[in-house]
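I've put the structures underneath this note.
Note that chain A is present in both complexes that follow, paired respectively with chain B and with chain C.
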Partner chain A sequence: MRVYLSVLKLRLLNGMQYRSAALAGVATQFFWGFMIIMVFQAFYQNAADTQPISLKELITYIWLQQAFLVFVTVWFRDSELFDLITSGNIAYELCRPCELYGFWFAKLLAQRLSSAILRCFPILIFSFFLPRPYNMTFPPSLSAFLLFLTALMLGLLLLVAISMFLYISVFITMSPMGSLLIFGILGEFFAGLIIPVPLMPSWLQNIANVLPFRWTADFPFRVYSGHIPQKEALIGIAIQLVYLLVLVWLGRVSMNRILRKVVVQGG
Partner chain B sequence: MKLYFKYLQILFKSQMQYRTSFWLLTVGQFFIPFAVFAGLYLLFERFGQIKGWQFFEVALCFAVIHMSFSLSECFARGFDMFSSLVVRGDFDRILVRPRSTFIQVLGSKFEFTKAGRLLQSALVLIWALSNLPIDWTLIKAITLVLMVTSGVFIFTGIYILAATMCFWTVQGLEVANIFTDGGREIAQYPLNIYQKWVTRFFTFVIPFGTVNYLPLLYLLGKNNGDDLLYILTPVLGSIFVLPCLLVWQMGVRHYRSTGS
Partner chain C sequence: MIQLKGISKSYKVAKRQTGLRQAAKALFRQEHTIVEALKDISFTINPGEIVGYIGPNGAGKSTTIKIMSGILVPDTGTCTIMGYTPWKDRTKYVKNIGVVFGQRSQLWWDVPVIDSFELLKDIYKVPQQEYKTTTDLLIETLELQEIIYSPVRQLSLGQRMRCEIAASLIHNPNILFLDEPTIGLDAVSKIAVRQFIKTINQEKGVTVILTTHDMNDIEALAERVILIGKGSLLYDGQLGELRKRFGTKKIITAEYKQRANPIQIPGASVLSWSPERAVLSVDTANFKTSDIITHLTTQVELVDVTIETQPIEDIIVQLYKEYQI
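So, the complex of A and B:
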């Protein structure tokens, strides 16, 4: 465990070096959030009946999405790992005295975490001070906020567990493009990045509920805005935990099985 | 021009070397905007309309801007990836050749895989047009073609501007994405759904409004009077590319090699 923690720490420090890139990212995401909110504002303006999520909750949802974008997007990836696999340098990684799954898990986790730490605070702080109706709002209660934090962290772990399958699949296909596409498009759609999950028609929502993607990002954001009541939030966190355990277990099993068959061509 | 087609031919051959990857990318390029369009469709299913605009009208708007975007990404990719030329000092090689820098950079990259994206928006265009009650005239057809071309010019202009910035900053600027990707996202809805200042900015500063919103009013018969002005707006929008070219020329003169 200590090994993984130190990998995490090193990578975190490493990721924090890219401050100007993060700043550019913040500007882009800020603009993006604004744009999406304006579109939804226009949609809501002459909507006939009441919608399943209020505009105020939706705006908070969108700002959280922008602030924690790296917790949602699958395409945020480590091409270094892909290169390791395709170039055969994986051999070095296998020599390390710790399990590859945990090692990479810690690496990927740190990458997302450092990127999020750099990006989320400027976006969140700015969005609180925006004029109405664009501003972000506080969560309804302290307990909702704590639940949100728990759900967010679990969601992050869950997303990393999902993205591990991406790297595992490269062992078989040798090219990340195909799996990136499938994971990217399906994952982002069902995580509510294109349209928020509560606004989907009910049949799509049913699909989204079964897939793990929604639990990574959509769920914590709705806990924050109070759109998901606290009792349901607790059940949701339990579901997240189950998903996490199952996916990590599956990932480890399939990775170990593939590693046994892996052939490193010399060079 | 002959040189440019020669470039294209070579690039096409080189990209076809990785056939599976080529097809996968093309298919992927088809599905990325497809997911966005599905989102648009679902939103209309829920809300019915957006500030008085119906689904197929917005779909037409979407198709036009996405077509222009994918075409410009095909052709002007060289400018989009320009920072790598500057960083590696490869731009020096281009400068010593006896041809214009513009055509060489333009020909340095061509993304044939964006055809997938183009196909997707073309399908949306056909679907939208077949469901809209437009009485077609020759002028309306010309306007539609003008809309798409004008969009290509504007996107290319932005790429050129962003590339020119590299002469000073060396690094590529992610911020330029706000105007290309962001502009595309903004202009996929009719511009009048936004706040006044956004509409103005994207009509007079970066003229995306002239690509689809204003001529779209004419196509759908929603404009009041002055047909000619609405037809000509795409042409006016295309003028955007001229100052961009001028800035590019200035930038080339300012260029200092990174060495290496």
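So, the complex of A and C:
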């Protein structure tokens, strides 16, 4: 446990060095958030039917998405790990008395947490003070908020478990680009980062429901806005847990299997 | 403490000829060759030894180190180190060893060296008190005071290597594997590193296995050498023995008052000659150096004589030649 805390600490220290990157990130996400909200606003004004999610809920959804972007995007990756694999420096990682899966899981988690800490608060705070209808709103109740926090954290763990497969695949392909594109695009789409899941046609929603990606982003954000009622939220959290357990188990098994075949070349 | 028996490892290496046509062909059919990196390697190393593991490029030195540190799984053979099989009990076993891969880095690139040390402390679960004494010692003997607060990316190669060695010793391992620890270091850093290895071997009884191409490292540190070439073990024994067996030549340089004719001395071959200076080579297995000198004095009026033993580098070159590796 201490190791993981220590990795987190080191990552935080490391992440703090890049303040201007964080600042630029915040600015970009603001711009992006506004753009998306305006698009949806136009869409809602001209739509004849009532939509399955209200504009107010959607705006909250989008601000949360922007604030926690590093929690929910697959493409936010640790190129250091890719380098470790392709350059062979992984030799050192293999000389450590801890299991590589857990160690890397901690590294990836820490990287996302450290980036999020610098980025989420400015966006969240600022978006509350925006003029209507662009502003972020409070969750309907304290219990909804607590459920949201749980779902968000589980979603984060789930996403890290998914992204581990990306790193495992690099052991075989030696290049992260292919898996990154596939995982990135599929993941982003089915997590509802391009079109919120409630606005998808129902057949697409069915697909999204089966895949794990939706549970990392769409689910916690809708729990926050109250669009998903609390009883359903509890079921959702159980589903998240099951996904997490299965994916971590699968990841560990495949990683340990691959490590037995890995050949660190040269040197 | 360390016991290898019949270890073999082969790699599958993709191969193709140069040129676009060959590249296109390789799209459909890839040719592989099997390279036998290690063939039936066996040796035993006792606690507290410093062993020099030498051989030309591509001999299989690094492969052996990787197998001994649990990173590679050999095809056949057994390896027992402190009661563990490295690749099977990897996580339990690696607590007891420290490894330095001279060509790789284990320090976090963007943060000061000391932060990497702290992380290693937690990874290896070193108690705070022990960590303090160990790092104090490491910082002092490897002269790291000035550099541990700088990010790794700002260090020179020599400074980084000293930090790498320190990082591998934070958890007080019983065995230290050094894979080319002096690569790219200047003379001063090399001597500092050697001195340090000697110190930890003598004071803490750390067993050291060292691969290097710098024979001065071996001469300064190792009493025992293991020579490997093309994957086979060729020699395992004392360095002195190696010298006795292969390094029997001595070089005699004589300066004398001018003399017109070349000198001729039985038992010595003349490497170079000028009217005032001659360089002779003597095989001391057959002739005594003192006899040669006596002969010399009868032929010329000596001004100065120097006698050198054959440098270890030459012995190794000769060995490589002899074994055709």
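The criterion applied here is as follows: the second predicted complex is superposed on the first by the 267 of 267 C-alpha atoms of A that agree within 3 Å, B and C clash if a C-alpha of one lies under 4 Å from a C-alpha of the other, contacts with A are read in each partner's own complex, and residues count from 1 in each chain.
The definition used in the following text is that a contact is a pair of C-beta atoms (placed from the backbone, for glycine too) under 8 Å apart; a residue touches a chain by one contact, two chains touch by 3 or more.
Note that this is a predicted model, so its numbers are computed, not measured.
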| item | value |
| --- | --- |
| Chain B versus chain C as contact partner of A:178, first or second or both or neither | first |
| Contacts of A:238 with chain B and chain C, given as first, second, both or neither | neither |
| Touched partner set for A:204, first chain B, second chain C, both or neither | first |
| First, second, both or neither for A:25, with chain B first and chain C second | first |
| First (chain B), second (chain C), both or neither touched by A:35 | first |
| Touching partner for A:246 - first (chain B), second (chain C), both, neither | neither |
| Complex contacts: residues of chain C adjacent to chain A | 11, 62, 66, 69-73, 87, 90-92, 94-95, 97, 99, 101-106, 108-111, 115-116, 118-119, 121-125, 179-180 |
| List of chain A residues in touch with chain C within their complex | 2-3, 5-7, 10, 13-14, 17, 80, 87-89, 91-92, 94-99, 103, 260, 262-267 |
| Residues of chain B touching chain A in the complex | 20-21, 24-25, 27-28, 31-32, 35-36, 38-39, 42-43, 45-52, 173-175, 177-178, 182, 185-186, 189, 193-195, 198 |
| Of chain A, residues touching chain B in the complex | 21, 24-25, 27-28, 31-32, 35, 38-39, 42-48, 51, 175, 177-178, 181, 185, 188-189, 194-195, 199-201, 204 |
